[in-house]
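Next, two complexes with chain A in common: one pairs it with chain B, the other with chain C.
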Partner chain A sequence: MKKYLTRKIIIYLITFFIAASLDWAIPRLMPGNPVSLIVSRFAQASSGSASQASLVTKQMFDYFMQAFQLNIPWWEQYALFWRNIFTGNLGISMYLYPEPVINIILSAVPYDILFLLPSILLSFWVGNRIGAWAARSKKADNILLPTFYILTSVPYFWLGILLVWIFGTLLRVLPMSGAFSYSMTPSFTFAFIFDYLKHWILPFLSLFIVSLGGWAIGMRNMIIYELESNYSRYMGSLGASQRLIRKYSYRNAILPQVTGLALQLGTIVAGAITTEIVFSYPGIGYILFEGIMNKDYPLIQGCFLFIIVGVLLANFVIDILYMFIDPRVRIAYTEG
Partner chain B sequence: MARLLDVKEYKVYYQTLKGQIRAVDGVNFFVNADEVFGVAGESGCGKSTLGNSLIYLKAPMRYAGGNVILDGMEISRLPDEIMKKMRFEKISIIPQFAMDAMSPTKKIKNIVVDLVREHDKKMSEKDIIDLAIKRFKMVGLSENVMNMYSIELSGGMKQRVVMVISTLLNPRLLIADEITSALDVSSQKFSVEMLDEFKEKKFVSSVIFITHDISVLYQIADRIMIMYAGHVVEIGNTEDIVSKPLHPYTKLLISSLPKMGVQFSQNRLTGIPGYPPNLLNPPTGCRFYDRCPLRIDPQKCKNEIPPLVEYMPGRYIACWAYTKGNDKNG
Partner chain C sequence: MKLSERLKRWDVLYFFLTNNKFKIGIGILLFFILLSVIGPFFVRYTPYEYAGAQASPPTFDHPLGTSPFGYDLYSQLIVALDGTWLVGLIGGGVATMIGLLIGFFAGYKGGFWDELLMMLTNILLVIPTIALLVIIASFLNSRSVVLESVIIGLTGWPWVARAVRAQTLSLKSREFVNLSKISGAGTLKIIMEDIAPNMLSYVFMVFILQFGGSILAIVGLSFIGLGPTNSVSLGGILQDSVLWNALILGYWWWMIPPGIVITFMVASLYFINMAMDEAFNPRLRST
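Moving on to the complex of A and B:
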């Protein structure tokens, strides 16, 4: 147990170091200068003579370069980046200046958790169940398998747009964007929660439906493989019912699916970006998109850092879970 | 002597895209109560297919004809619901794949309890575990095995665990399919002795012992059946088959075994030249014709399948060389 955990923690620390370094480097590799973007916006807004404007622009440029510490050499910026991570300071947003990045992210996180977690876990659970069912019924399989393949090849945003069109434009029963109506303020009232759920259902469905197909296909194939395995045959030879054999094969088939869940968590965060943009849903994905459009280094870094930590934590939890659900992993690390 | 199992003209084919593979093609034999019946033959002769099909006929295996009578009851075409009850209680198997016959994610205890509960819902968990522990001790396993996973056991231990599980409900007939093949010589000896002990203690009545190793059969079997390419070629008492083989295939098979005290340099081991026929499209006559050194009546051997006849009391042979003057069978 200790050996397993130590090993995993070391791997995760290395992964975090590399991922965070990339997180620092990637925004800086984008073409263009974020400060120029801010300054140009001010320049357009202000009026006055050309020479005056250029002087003001120059002063503003220098001021912001200093404020965002972009005028110092890159290695100092990098060192500062790490110091800030350990002091919990993610900097000030350029685009939503002077709002601290941490506040922006924290205000988005609840929407993400309430939207992503149910759709990921529910599609995992339902998908596995339907997949296992398809594996044992030839008739159901003939209809379900093609359906799963269509579902899993559908892009998240396309399904999102389709849902918005059907429920928002054609039927006009559900709102098309945002996390709640503009007239509302977040509160624990029945009216707000109802309004929130009405906004929540479409983004939730678009993620849920698309991920469902992948889980179901994986489970179906695994169950068919397990039902052909020697232990299934032995149980059949000793007169075990199909129900018991399926129970045993489900137990083994779920293991690679859990590994898949750990891997999927990473891509789901990326998938949620497109979904959130389609629905203008104020989660991390949407904020990250805004940050990228405006070359907001601190905001991009902050969002990515959050995603990195989220993915690593989710993987870590599943690694620990594996100790409990797979005796082979447990035995390999507890003995010797 | 009472017959426990009677198999008549039994055929099991494999359904493939290219056609039917006639793995077991009209075999006739019987197994007496309280005996070890050895089945031998080279790889692909249909001996494992025969063993597996008797208890659990699963696709791509397909029943293609004949009768299987166990304890006076025809079982070859029983509905699965009824056959399910017969398995494990009346007829059981130690499979060839004992090394991975148990799910890797379940404790031995759970596997045993789940399997027995499928047949006897009234038996308490404690009784099942106590019974299994008693049997485990008999084969030299400690009761800790109950709380282990199959992946924690050695090959020999797995074999013994499967042996105990398969015989837990005291089946009348046990099919032991290549149970010595994956083991080292000392474990082989142990397995065979255990099987003998189980028989003595009446945990099982009769055993069909399937192997390619005639020397193992010589130690344990009362009677031996030799199979070739899906057909039975010879059945007889162990002593007769080994010391006085009659069928040309049996003769070659026995003579290809290494002999005690003979050095490799003095007498090179010989095999049987040629290969067994393709069972997708088997020859019309005797299936051993291509490799047979005898060919007593080449025209007849090539075109007509020799029937299995009782050449001497208790001695059955399927060869045209032994049917002459035996008109009522030939």
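Moving on to the complex of A and C:
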């Protein structure tokens, strides 16, 4: 068990190293200098004679190059980057100056957890159940399978738009944006929790419904393969009930689905980011969007790192879970 | 051998022509192809041209209505449709090509190269594509449709590589490959004559999935404000509509049609893929 976990941890550390290095390298490899871009924005805004403007621009350029430590050799920049990661220093936001990036992101994390965890887990559970039920039941399959395929083709955020339009604009029963009403302050009172849930339900539904389709398709195909396998036929010939055979098939089919959950996290993250934008939901996705809209590079890079860390942690948790549900992994690493 | 092979081909063709999912899928796909072929003849404005009535619901003059700035939304949609096809073709194509090369090489060579390439693939699979796309696109000042498609393709290949490798591994140990090896056929000949024909249908299905995946990727990317800078895109139209409060003002004609187009375009591809899956894997057929 220890061997399995060490192996996984090493792989994730390598992944984090590569991802963080990309986070550092990509902006530097891109054509054009972000600093000149910022300076040119200031230059356009300022008035005055041409020579005066160019002098100001030059000074500003030097100032920003120094502020972002871009005037030192690249290996020192890289070393500094890692030191900053370990000290939790992700720079200062340009858009919400002088707020440190790490504080902005940390304030968003609770909303993300409360929004993502229930929608991912519930859609996984419900989707697998429906998929297993649809497999090999002709009537249900013919209607449900195309429905699932249409569901996976919907862009997450567009379903969000559709839901807001129906429940917010047309029916006026649910709030359209934010995580809670402006008049409220976050607290553990009944009124606040009720208000929070009212804002939470639509973003939750858009993520839940779209990802449900994918899980159902996967489970449906897996169950069909399992029902055709030898152990199922053997059980059938012994006179076991369909119900029992399906129960065993489900337990086998859930394993690749759990692996799939780890692999699908990236897609779900993308869905969550866009959904948060539709609902102006104050999670990391919405912050990232504000960073992009305002060309706030430290904020974008910080969000990238946080998304990576979140996905890696989730992968690690899934690996541990997998060890408990698949006896083969447990035994292979404890006895072999 | 020849005859049975030919019969088998016809069998698959027959299955396609009688399969409802295939018919519906190809029908929707043809509709969108027709729309982007015939549609431009009815486009009377450029995407960002003041076309008259502001924020008007669909009328005879403006089949999909106009935005609050007086842009004709039908014209925007038709122009965006072209870009969407391009992203699917290039993004899906690049991802399939790279994934095919890497997956095949890893599966066929085995050993060290397999370990190395699969570790790389698995690492890239864990890193969310959207995060990579955001970090690349946000540092590019001008983004063309082609450039973004290539970037999407470059981030999408790990899925293909995994699938192709698994397929190669299973084909590599089949009897007919061993027979060719014993007969003294070279690696290239084995790949071209024994392995490639057996993988073709599979690779085509992977390409279809990547095509749909690339479309969804560009839509998401455009929606968060990192779409092509030189043309309209379906995600861009949706972003405009959300940013300019189409939701609160109830301009449904601005935000509903692009989503329907995306959903059914991608769904038609998935339907075709599903029908092909059933044709080549008879076990999955529901009837």
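One rule holds in what follows: the second predicted complex is superposed on the first by the 284 of 336 C-alpha atoms of A that agree within 3 Å, B and C clash if a C-alpha of one lies under 4 Å from a C-alpha of the other, contacts with A are read in each partner's own complex, and residues count from 1 in each chain.
Everything that follows uses one rule, which is that contacts are C-beta pairs under 8 Å (C-beta built on N, C-alpha and C of every residue); 3 or more make two chains touch, one makes a residue touch a chain.
Since the model is a prediction, treat every value here as computed from it, not as a measurement.
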Fit-or-clash call for chain B and chain C when the two complexes are aligned on chain A: fit
Between chain B and chain C, whom does A:P146 touch in the aligned arrangement: first, second, both, or neither? second
Is A:I277 in contact with chain B, with chain C, with both, or with neither (first, second, both, neither)? second
Determine, under the contact definition given at the top, whether A:I26 touches first (chain B), second (chain C), both, or neither. second
Which partner does A:R251 reach: the first (chain B), the second (chain C), both, or neither? first
In the superposed arrangement, does A:Y231 touch chain B (first), chain C (second), both or neither? first
Looking at chain A, which partner touches more of its residues: chain C or chain B? C
After the superposition on A, what does A:Q59 contact: first (chain B), second (chain C), both or neither? neither
Superposition result for chain B with chain C: lowest C-alpha separation, Å, rounded to 9
Given the complex with chain A, which residues does chain C contribute to the contact? 21, 24, 119, 122-123, 125-132, 134-136, 138-141, 212, 216-217, 219-220, 223-226, 235, 238, 241-242, 247-248, 250, 252, 255-256, 258-259, 262-267, 270-271, 274, 283-284, 286-287
Show which residues of chain A lie in contact with chain B when the two form their complex. 229-231, 233-241, 244, 248, 251-252, 255, 325-328, 331
In the complex, go through chain A and note every residue touching chain C. 11-12, 14-15, 18-19, 22-23, 26-27, 30-32, 34, 37, 138, 141-142, 145-146, 149-150, 152-158, 161-162, 164-165, 168-170, 176, 221, 224-225, 228, 262-263, 265-267, 269-271, 273-274, 277-278, 288-289, 291-293, 295, 297, 300-301, 303-304, 307-308, 311-312, 315
For chain B, which residues count as touching chain A in their complex? 52, 55-56, 58, 83-89, 92-93, 95, 97, 100-106, 114-115, 118-119, 149, 151-152, 162, 165-166
